[in-house]
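Supplied in structure tokens, the structure appears directly below.
Chain lettering (A, B, C, D, E and F) follows the sequence in which the chains are written, and residue indices restart at 1 in each chain.
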Amino acid sequence: MKISARNRLKGKIVEVKKGTTTAHVKIDIGGQVVTAVITNDSVDELGLAAGKSAYAVIKASDVMVGVD
Amino acid sequence: MKISARNRLKGKIVEVKKGTTTAHVKIDIGGQVVTAVITNDSVDELGLAAGKSAYAVIKASDVMVGVD
Amino acid sequence: MKISARNRLKGKIVEVKKGTTTAHVKIDIGGQVVTAVITNDSVDELGLAAGKSAYAVIKASDVMVGVD
Amino acid sequence: MKISARNRLKGKIVEVKKGTTTAHVKIDIGGQVVTAVITNDSVDELGLAAGKSAYAVIKASDVMVGVD
Amino acid sequence: MKISARNRLKGKIVEVKKGTTTAHVKIDIGGQVVTAVITNDSVDELGLAAGKSAYAVIKASDVMVGVD
Amino acid sequence: MKISARNRLKGKIVEVKKGTTTAHVKIDIGGQVVTAVITNDSVDELGLAAGKSAYAVIKASDVMVGVD
């Protein structure tokens, strides 16, 4: 499936930590780490695990901008 | 202000494009480009412009994971 | 790409209306219509148009529940 | 209360699964199932349970579009 | 309709500004002003206008926390 | 860091409740209480606790409007 979300950041999974229903997945995208909070069901369905390649996918309207 | 959002990706603004009320801001974070859709008011208040340093800030619950 | 978003509702596009930077896309999913607000860039990249098949894709944490 | 969210998909709850603080609610909307992640507090306050009628409510800016 | 969104902040609309497809609605909730970005369609359907009472409705998973 | 999010509601934390991976933080903003769902990691990093001053930070595109 091709998706409208503007942001598809390619990287490698560095950690998958499951809670009761919710999992935290950390993806290294070129030196910076992105944390995704997704369902445990998604982790299982996609077979996510540390070391695998993955994309952090983010809708553009969910991105804010910060400055120092 | 320190903020709870897990993801603060450091980069450089490569484009700011204003619409009627909404702006698209593109930030290069180490070779990959993140697009943010924010208000024109925010662009003005933060003085965002191409060439400036900025962070793409994303709440972890807004990040999805994709695999090929 | 396979994506973690739990909700992928299959349907047919019934309307694409572009604004200055933002488009409204309406998808009929079995009699009920879902409205998506996405960028004009996404509309162009995916070639979205009325009559085409498409999915409304929604992260589970963005769905609320209402009762009468 | 009438709400601005464009998408109010009418259906029937098929599953409510509570975690420590967060619940997963599945609603069948005409053959397709929508998963909502909401707080346990909301489940209790609205009295959500399998078999009850409910709406999946989604802000239009949280809907993405996918194509095969 | 009763909705699962945890946050329903009661106030008074102080400004409605329409763009091409998207509107900015400002609601004063006890001295602090909340800005909502919604569709023009929602503004028309709900009859929103300055001076009217309204709620700012926000899903708890969309709220971040900041400290000085 | 200065952030583009339009809504920064100043208040005082009245409750922090941690789950397995996710925490619920309640902030009183002038008599109305806002609930934020954030990661336990954020609670620890920012040192959030009942009685402390804090802001509820919300992107304008995540705010809906309701009327009675």
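The rule is short, and it goes like this: a residue touches a chain if its C-beta (ideal position, glycine included) is under 8 Å from a C-beta of that chain, and two chains touch if they have at least 3 such contacts.
What you see is a predicted model, and the numbers here were worked out from it, not measured in a lab.
Q: Compute the distance, rounded to whole Å, between the mean C-alpha positions of subunit B and subunit C.
A: Centre-to-centre distance between subunit B and subunit C: 23 Å.
Q: Indicate the whole-number Å distance between the mean C-alpha point of subunit A and the mean C-alpha point of subunit E.
A: 29
Q: By residue number and range, which residues of subunit B touch two or more other chains?
A: In subunit B, residues 1-6, 8, 19-20, 22, 24, 35-39, 42, 46, 55, 57, 59-62, 64-68 touch at least two other chains, as defined above.
Q: So how do the chains connect up here, line, ring, star, complete, or something else (other)?
A: other
Q: By the document's touch rule, what are all the touching chain pairs in this structure?
A: Result for touching pairs of chains: A-B, A-C, A-D, A-F, B-C, B-E, B-F, C-D, C-E, D-E, D-F, E-F.
Q: Report the residues of subunit A in contact with subunit D in the complex, numbered from low to high.
A: 1-5, 19-22, 39, 59, 61
Q: Touching residues of subunit E toward subunit D in the complex: what are they?
A: Going through subunit E, the ones touching subunit D are 1-6, 8, 36-39, 41-43, 45-46, 55, 57, 60-61.
Q: In their complex, what parts of subunit D are in touch with subunit C?
A: Interface residues on the subunit D side: 3, 5-10, 24-25, 27, 29-32, 34-38, 42, 46-48, 52-68.
Q: Enumerate the contact residues on subunit C facing subunit E in the complex.
A: Touching subunit E: residues 17, 19-20, 22-24, 35, 37, 61-62, 64-68 of subunit C.
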